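Several structures are given next for inspection.
In what follows, chain A forms one complex with chain B and a second complex with chain C.
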Partner chain A sequence: MSAVLARRLLALPAVLFLASVLIFLLPRAAGVDTARAVLRSRLGEAEPDPDVLAAIRLEFGLDASLAEQYLLWLSHAVVGDLGNSFVTRTPVSGLLFPALGVSLVLTAAALVLAAVAGIPAGVWSARRPGGRLDRAVTATSVLGVATPEFVLGTVLVLVFAVVLPLLPATGWGSVAQAVLPVITLAAFPAALAAQLTRAETVDALARPHVVVARSKGIAERAVLWRHGGRLALTSVASLSGLFFGGLLGGAVVVEVVFAVPGLGGLLYDSVVGQDLPVVQSALLVIVAAAGVASIAAEGLQLALDPVSRSAAV
Partner chain B sequence: MPGAPSTRRRIGLALACAALGLATACGGAEAGSGVVVPDAQLTIAMQFSPDAGYAVDTDDAFVVSQLGVSESLVASGADGIARPSLATAWTQTDPRTWRFTLRPGVRFQDGTPLNPAAVVKALTWVAGVSAPPRAVKGIGLTAVADGADAVKVSTTAPDPILPLRLSSANTAILAPAAYASNPPRIQDTGTGPMRVTATNGTQSATLARFDGYWGGRPQLAGVTANYVSDPAARALSLRAGDVDIAQELPESAALEFTESNGYVNQTVAAPRTDSLMLNQSAPPFRDVRVRQAITKAIDRTALGEQALAGSAVPASELFGPAVAWGSQEPPPAPDVEGAKALLAQAGFGPQNPLRVDLGTYANRAELPTLATAVQGMLRAVGVEATIQVADYDAKEPDLLAGRYQMYLLSRSYLLDVPDAGATLSSDYSCQGSYNINRYCSPAFDALIAPLGATSDPAARQEIFTRAAARLDADAVGVPLVHTQANGVGSKVTGYTVDPLAKTLVTAGLAKTG
Partner chain C sequence: MSTLADRATPTWRSARVAVAAAVVVLVVLAVLPLDAITTDLSGRFAGPSLAHPLGTDQLGRDVLARLAAGTRLSVGFTLVALAICTGLGTLLGVLAAWAGRAAGQAFQRLIDVLVSVPAIVVGLVVVAASEGPPGLDTLLLAVVLTGWTPFARLTYQLTVRERAREYVEGAVAVGAGPLRIAFRHVLPNLLRPLTAHACLRFSNVLLSLAGLSFLGLGVQPPTPEWGAMLDEGRQYMFAAPQLVLLPAAAIVGTALLVTVLGRLVERRWNSA
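Up next, the complex of A and B:
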């Protein structure tokens, strides 16, 4: 198992290098004049004066060739210098890492909540397929998958911040402020986890060795968790690995609804404003985090599933 | 179990409320005593976050100014008249030079005095940045000290509105220590009633009263500014009681905050016009009859009151009710038959319908809605418009080069200074750098030429009025609606919505009980 994970870790730098090339080229291939977008980010109604645009290009080295710009950025990035934001003119690290910290907390908390809520719900509903609990869990999970985050978030604010003034409506920095954004972000993965766990558990409980285990008189709860739940965990672990990278930079809606200063909002604003140093660094960090999360999820899957472990060996 | 029925009722109310719809008002501020609470803390949900790190040479200058941190030499409002601020008086010493006398006894928040050297440093910095703000761009601004209490500010050409330019939030005067970093530091470097004690990226800022403020002791002890980009989230924050003031709420939400349930709700016209630009450098809009037909076809009252549900003021001309010289008149009623007749004269009719592309962008939410409504109105006179919504930055080179037919654009006509001279020159003169309509009229240029030497506000505003009428007569695009600015406060006094977006936190702003 450790050999498999080691191979994945060794491949990560190559993945990051390829990603860096794409990340560097894609914003430039969008056909937007970066100097013009930077000017617009600073001064919303500025006229595109050629002299001003030339000064901006000179200020940020945008008049150099793409290869020169890429090598300059990469050579600085590998030693931890992410450069200065085109818009704020301050170091990218000062913008990126606080936002990354917020998104890591938000994403991790949401995924933990999704697992804690989704897995038991899926396992228990699999105990009696078609039963009352199963129908309730299925209906709730369908609702969770189908409800857009901006609707769920707004309803939660309306209920828990306006009518029952228990929690703040917006902001970030306290546990109370984190509750509603975490619940909103967790709803979709929790619903998926519940559906996936239910399907896997129903399948597992119909297998011959489980029938034998039951015939031996092993307690139903033990059968359910040892044979059904454990198998479902491996699938949910893989799913979490995939979700992690997506939620890290893709929770824009939740960040906007709750005014959370996370990576998604930073990335969105930076893409609109063609703040290339921030875009490049943020995407690279997301790719790296998603890669590590994917490897961690695979490790967890191998640890939980003896069949996968033996196949990997 | 004591309390359980009450909790159930509240949960029931909550669920009923959610089911009734997201915009339903489920709470309200309790009516207060109206008595000022001394040394209170105030929390504001602000519309714009300081995306450029509070740099005063960018639009963030408006955030810094609204927070009551920075001030400029001159103050001004939508009436276009310059008033004393950090300078108490000014005179034009020669056509290219103005002398500003500084207010005595003013200190920056770091304790250093406001003196000519500090003013020269601040103005020299902002004039020299790579992307100068509109107020000082291209005028060759230089500043020198003139004695112990004045500065002389010169421009390369005579500038009759230099005092107004120096009322821009971008020309804020910060303490010399601020300019040791780029962008300048705003912590403890302003002269305003509030000083920044902490900033938390684009999430929030906390401010404390500046006891040495020259304008008197501020009533508030401190302010927390939360930057909340989503209008619905700002409305919910206000309703939840998380904030005392919320800027720019959705029209439907703003209507729920009334004086009867304890709120101060203000809506004012903004100096911004959403206009239909018509490319006059090529057919079909080179023909004034076609432009006039388009103008007659559009029901601007319906656009403001129905399509945008009253959130914008129907426009009768370029300048609206936000400024002293703007039109207060309702727009003319649509004339479908008149439009058809003009189109027929220009060679368009049922057998040869006019087909045009109507471009716009989605950064401002109202524009796609307006485009759809305009498309329907044009169809009624036989014009088939195809809507194209695309990123403005990608489209701008085509617009400036005249590679378009019809474009829906939102544009502020004051360009940071309460004077329309710059807009008239850049957007409508033959040599204008932002002349998207591609309009060129020697008569119009002659009409606005005196602006280069006229400093009297009344005389300038008379020219603005005549220029707007001329543009209307020549059917240079169609001004559709003027946008509005709104804000709601809960238990506050001294709160006003500034249509120029420069003031919010003042020494007189206070919380009430």
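Up next, the complex of A and C:
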């Protein structure tokens, strides 16, 4: 078990290194002139003065070779110095880490809500496949998968902030402000978790150990949850790892719609404002978070599933 | 599992009727020759009338015409993007399955990483990395960059399974080369699962297109597109909520329609 995790942990720096090279090269590969990009992000589309361009090249060390620039960037990045924003000229880390905190809270809350809503719904609907409850859960989850965050978020704002002024439409900081963004972000993973849990539990309930459990006279509820639902947890756990990484980045839409000052919103603003250091740093953090989350999910899966534990050693 | 299928039958039958009706509505919408661009500032936010069955928007443009034009754009774009993703993913999946064990493992790890990157983030990266303003070309790149991976994963798994079958052994015995076996013998057997998978991915691509356009990273105004319409409508939510609800219904309805269609196709082929 620990060998698998150790191997994954060792692979993480390699993945991060590869990602950092790609992220560093990204604007250059596309032929973006960094000095012009700096000017454009500060002044709009004005035609740059050659002297100013040269000064900016000097300021950002753009005259060095690509490899030198990369090493300089990386050596600063590993000690937490991610450079200065083109736009605000303040350190990127000062923008990035508060935003990361906001996104972590938002994403974790959404995942918890998704698990609390999706997993029991899936187990309950597996109890009688084709029954009324099952059909209702299936229909809701299909609708949930087909509804993207920007539609759900906008409609929720329309209903709960405009038509019935119950909740604030934007912002971050109070519990009331968190309700709509968390629900919006949780809907899709909740729907997927319900579908996955249902399928796994239906399979599990047909297995021999469930027959044995029933024949021993164990209460139906215990059979359903301990012998059926528990097996589904394994795959839901591995899914949640994928989601945590994906949600951190995928929260872009939610953070834009609800004006939440998180990582996704920061990434969006910096892309629109062509603020390359912020874009690169935000991407790096998202990749790192996704990598850590996938390893954590694998650990959780091994802890929950004895079969994969013995198979993995 | 037979009880599951039996009990679900009436639901699926009514689903077939609903899907057929919805497809007809979409096709009729898409071919109607309506004017989606002309503005009429004296007739802004008009309610439903004979001239404008769904009313007009903030610039006095016909909402029905804009939704219909959005249908053509969304469905057309999605079909093109899906065709590229399917072709690329299938090709790479088959090649990886024939490239040996180590290459196959590396291929699967790469796909594991790429599959988990949300299309919106890819879209942001593509826009950040390109010099010009966003448009259909950056959208297509954003969708295709990671969109081929589910097809490649499916093709890889299916091809590895098919290779163990007897007909491949037979083909090897009569002297067929690996490429001939891959494309003439194995690939035709993958067409059904790949088509069913394409149906399931359709709504995903559709939602990426609408989502990126909603964020202003896709189709630019005044081109009528559902996601962009939804974004424009947000500013007039209080006065004209239909400008939000109509594009929202179009997006969710179409995604739902194709998802159900994909399941129907899958069911039919699985039972046949």
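Everything that follows uses one rule, which is that the second predicted complex is superposed on the first by the 304 of 313 C-alpha atoms of A that agree within 3 Å, B and C clash if a C-alpha of one lies under 4 Å from a C-alpha of the other, contacts with A are read in each partner's own complex, and residues count from 1 in each chain.
By definition in this document, a contact is a pair of C-beta atoms (placed from the backbone, for glycine too) under 8 Å apart; a residue touches a chain by one contact, two chains touch by 3 or more.
Since this is a predicted model, take the numbers as computed values, not measurements.
Overlaying on chain A: chain B and chain C, fit or clash?
Once chain A is superposed (C-alpha atoms), there is a clash between chain B and chain C.
What is the contact status of A:162 with respect to chain B (first) and chain C (second): first, second, both, or neither?
Once the two structures are laid over each other on A, A:162 reaches both partners.
Quick one: classify A:256 as touching chain B (first), chain C (second), both or neither.
both
Looking at the overlay, what does A:267 touch: chain B (first), chain C (second), both, or neither?
A:267: touches chain C, not chain B.
Check the residue A:15 against both partner chains and state whether it touches chain B (first), chain C (second), both, or neither.
second
Looking at A:286 after the superposition, I want to know if it touches chain B, chain C, both of them or none. Which is it: first, second, both, neither?
second
Can A:142 be said to touch chain B (first), chain C (second), both, or neither?
Only chain C; A:142 stays clear of chain B.
Report for A:52: first if it touches chain B alone, second if chain C alone, otherwise both or neither.
Only chain B is touched by A:52; chain C is not.
Intersection of chain A residues contacting chain B with those contacting chain C?
Shared contact residues on chain A (touching chain B in one complex, chain C in the other): 31-32, 151, 154-155, 157-158, 162-163, 256.
Which stretch or stretches of chain C touch chain A in the complex?
Residues of chain C touching chain A: 1, 3-4, 6-8, 11, 113, 115-118, 120-121, 124-125, 127-131, 203, 207, 210-211, 214-217, 227, 230-231, 234, 237-238, 241, 244-245, 248, 251-252, 255-256, 259-260.
Chain C touches which residues of chain A in the complex?
15, 26-27, 29-32, 129-131, 135, 142-143, 145-151, 154-155, 157-158, 162-163, 202, 206, 242, 245-246, 249-250, 252-253, 256, 267-268, 270-272, 274, 276, 279, 283, 286, 290, 294
Quick one: in the complex, what on chain B touches chain A?
10-11, 13-15, 17-18, 22, 26-27, 45, 51-53, 55, 57-59, 130-134, 137-138, 182-183, 200-204, 226-230, 232-233, 236-237, 239-242, 391, 393-394, 396-397, 400, 411-412, 415, 426, 433-434
Would you pull the chain A residues touching chain B in the complex into a rising list?
Residues 31-33, 36-49, 52, 55-56, 58-59, 85, 87-90, 95, 98-99, 151, 154-155, 157-165, 168-173, 256-259, 261, 265, 269, 273 of chain A touch chain B in their complex.
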